[in-house]
């Protein structure tokens, strides 16, 4: 066991946990005032509920002994055998509990990310059930495929910190949610304007801060690779801000603060799979393009006329896909010897592998999310009543109001 | 007695307040409102979507005063509130039937 | 001239605004208020304590307009604001003695 | 019908609301306003700079009611709103020409 | 000296310091708008004033050479002998200064916690004097009893990160404050509704984040025990959310965001004494029950009709007591060899020891707090005038207003 | 390479990056509501733009091979040769990338600090150009002079974490900005009152939290020196709160929350150059005086009638100068063997050296900032139109509004 690595992952886990309330603020500020608490609550409760599912069975499904490359076994059920000693198969340098809880925080935020798609209209109870099912049947298997010894990792797909597991999966689930739940009342006619952008920027800042734990921590050791991941993460975020507001300036004539905050998140998403495989200069290109691509992704929604309220598809879905492709382009063995070279370093095959992982992840998450949503809809109904939607989630779901100035 | 209801730009509040007190107005109420009129509103942009906001922030000043000398007060307010650009606002004069000062119960002009 | 004071549900604002402009209203003011009436409020819960909130968010729209054709405007607003459930609000008509446009000093109907 | 416009201290809102309903008022509107009058405002200090804030938070309560029995309502409100210190506020009585209930279209006293 | 442990405690100290502003937001959002700054200020000034008291004499009283098991000697007065080298008696693996400042942050937040009890009505000057006296005469001795070589630690009472020192002590002081200061004007008649719940949730999130430093850092080393404390902390918080909102749902029909935030804090409080002595699964039970117990504790206030404005007694007092008892139930030598077994592991005696520590802590803190408050009342008066209370603390105590939108 | 040191600086870099959004909130809350986003945006975009400039050429100018004590060479252009291995010249114990990115965060916040001087009236585009030029021609050379092997470091000037590089330089630039841009409309007549002080306090808290990374991290190792820097940082912040509100109480009769927040920042500024050279007790004196001095500095602005909107000159300029002088007074070889003794430890010469460094830094930054501003003014104009200023930056520069409650 290595003390320095242990500190690093403990603190990284704390940073990643902090991201979920950060996301709550990011999303909460984008909602209308009457839905601020309902929106925040969905992320906050994910922190509670997904953590429980994770320690009871989710972790075991993801990291238990591999069964056919598809799923983990039940050997870690209820944290059996997950103790203060390292588990050499998973991470020999840190206590097994640290590895488990670091991974827990990823499961939590992935579920929280999805909530942006159905903001302002989902029943609280329905979300709870959805969260449990989705963690179990979508997140845990996917996590196993990529990091737990499953087929996708074995195939050689590169996903440093969760481009597929976290972002594409939540983005695809978000699309399913937007389609199944349908549009908010008045969508396309009324203005849906963020009620508190300073709150959203604060959330973006916390996300950025926490993302250092997310990406650099994914090196699982305090070494040069972590340093590389830290730097690429920072640069991609910075560049995606510039990318987003440049495109925005050209398209609408003004760079916006929300654009900067959204761009930062887009860049962080895109660099997630790549952080430990590409070099700093590549991350500059990757990030800048991420800003532009996700801006376009957000516009798409108006074209296709689905109501992905807070743009999870445009930012996490597309951003994740671009990140996975970008990894296939820019990855270099010089950066990470246990990674691979990408197209620009002469290995076209990697791009193809990345493509397979994208298609598989998106299809799997979209289809299963769709099915889960339909089941929840039948069991307890997904949407609040029209009247409750009009009143807002805060009063109708929680009997509270956000502000009394 | 009359009630003057004055709709102005927020930036003119201080000037109007001074003009009114200079004219001997003993009190007034100030409310933030949104106005709609000839003045165009503005565009806002959120994630590439443009929204036309046609309500413009305005301030409503209300003061109840004696009918005598009303015109002078109106003129003073016009001076203080005018910028000459569309959206300067309006003055409305309404009748008032009775005034009571809550603290003392005084009525009419004494209640002001 | 008359002042229409219209109390409505916040969700009807856009419709009422359109109805008024369709009727040729040249301007109006919008204020957020809290209403109290037959419509019951709601409960709020904080750490197990229940509070009955009996003030309901409403919007007040004020517009000053010529007395002629007033009834048609009233009807148009009724149409636009009605949902049929308790709490739809009221229209009050008040007399107005004078109107002045601040920008130009125009008075009466021209001041609108 | 008459409109009572009551300017009070925020802390007296509950008492005034109760007094009005006790007098049979069927509804009212409540608006947060800033008042200016004899009552002095307060100082605020930011990084060593003092600012005199002369607008005082007040509540405006508006209710439209039948002209009969108006004086009793006024008296009840006076009782409820009075603290005896400067700044207790005013009651203004305005004429109202027409009332319409939006939900039903009822007019006049029935519209209240 | 160990580098990894040093980083760990340095960062943990930073995290614990961050908790106090977090608490300021948690409390600030619960106050009414006109008291938001006054409420925030009380926590913020604690950061300044208690730190000063601590380095001048508080630390010495707590960790100086033991005098009869009751108090520390004056040997560390003005940080004499507290330097860059480790002190092997206290912590041989980290610089003595790091140990001192880590402990400092605990003293700060304990004082800040109490402020919830007298929110919206205490004179600023009176609070300053109270803070100095309380740190000196209540916190420092208690800290000595438990961690500084005093009788409570010697007796074998288990308090990993401050269930007694921080939570029971502040909870008992809070009760004294509520009783001595009396109710706010209009308490029981008017609605006292939080003015900014997103602020409160933000505060809860920062508390949670910082609590990782608080509890895991209390292992004083980056090892398996820290990992265990980290995991039990996270799970207890998560489960207490579920516990609180479940009870709330049954009692009032709706789960609330404030309930979730309060539950999280309740769970964190309860797990504080237990974090390094109980295992993860035990923390699930402990946390879930903490949510329910503290919900009941908060309701109690209405029954007993004292005005503990922001529920310090219900959450920190009761939560701390439950945590100490829970430690006596769930503690296991398998988790921490230098701890003890609890009742469920066959050692009923431990529960009894815990009970003694609860009674002693609560009685000591309550009585001394009561006396200190009375003295301060005589000297400068505790409460603002009725008029100032009506105007609000922001204007009357600080000549400021929180918001000008 | 040392794992513990690597974790320490990685986390410290994350903390320092978090300071810039913290500053955005600190400043944003002080602005009027209509400028909140414009103010936040200036800090946020600095995070993006200055990071880019830094990795492309800024870092090389600061830390490339020394050219005549004045500037670094081009050898690190585009991060050439900055990799996962340590660079023994700069820091042999951590990956070179970690050193580079830690330094990057300092450049970012320095530029962000300046924005307080021209808040509420500068064109967004003009700020972008200014930021690029200033980073290149002022920050990078200054950084080289002090830490990159330049003349000021060689002369023996003590600047532990950036009193000169960060605070005096931004403070002097701020003075130039206030003079060149001129006063806001209505300055001196209208009340410019902060619109959201809880936001400002939140920002101050994040700054404080991040400053632990800033100052303790500047030890570049997890050792006793870092511990000392951590403790002096905390105490100076705490004491400057007490200093500021004491003076305030005497001057205006009330201690304010904004005073406490401002005091904390003043203390943190003043201790920045001193943190690793002076002992804890000295930091108590240094901090307390910093509070009083910066309070006076803020008042100065009204005397001299320039509009340094958010008091960058008064707090960062004067605070930085006092910190540099204080280092010359209180520095002790007993604290840091590679430092020097100050006047109070018998070495009057050090105070003189500090004085030279102050004059050189302030003069250099002021003059170059002035020139850069004039150039930007000619090229694209510095100030928004009077009408846009009236409307506010949020709508006029970004077509957004901060709040829709």
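Letters are used for the chains, namely A, B, C, D, E and F, taken in the order the chains are written, and counting of residues starts over at 1 for each.
The rule is simple: a contact is a pair of C-beta atoms (placed from the backbone, for glycine too) under 8 Å apart; a residue touches a chain by one contact, two chains touch by 3 or more.
No experiment lies behind these values; they were computed from the predicted model shown.
The chains in contact with chain B and with chain D alike are C, F. Any chain touching chain C that also touches chain F appears here: A, B, D, E. Here the chain-to-chain distance from chain B to chain C, counted in touching steps, is 1. Each of C-E and A-F has its own count of C-beta contacts, and the greater count is at A-F. Chain E has its Cα centroid 45 Å from the Cα centroid of chain D. Per-chain Cα centroids separate chain D from chain F by 51 Å. Rounded to whole angstrom, the centroid-to-centroid distance between chain A and chain E, based on C-alpha atoms, equals 34 Å. Those residues of chain E in touch with two or more other chains are numbered 2-4, 7, 11, 193-194, 196, 202, 252, 254, 256, 258, 398-401, 403, 405. Counting only residues that touch two or more partner chains, chain B has 31, 44-46, 94-95. Screening every pair of chains for touch gives A-B, A-C, A-E, A-F, B-C, B-D, B-F, C-D, C-E, D-E, D-F, E-F. Partner chain F is touched in their complex by these residues of chain D: 44-51, 53. Listing the residues of chain B that touch chain C in their complex gives 2, 7-8, 31, 33-38, 55, 58, 60, 74, 77-78, 81-95. On the side of chain C, the complex with chain B involves touching residues 3, 17, 26-31, 64, 94-103, 105, 111-112. Taken in their complex, chain E has these residues touching chain A: 2-5, 7-8, 11, 15, 32-33, 193-198, 201-202, 204-205, 208-209, 212-213, 216, 221-228, 230-231, 234-235, 237-239, 241-242, 245, 252-258, 260-261, 264, 280-281, 284, 403, 405. Across the complex, chain E is touched by residues 11, 14, 42-46 of chain D.
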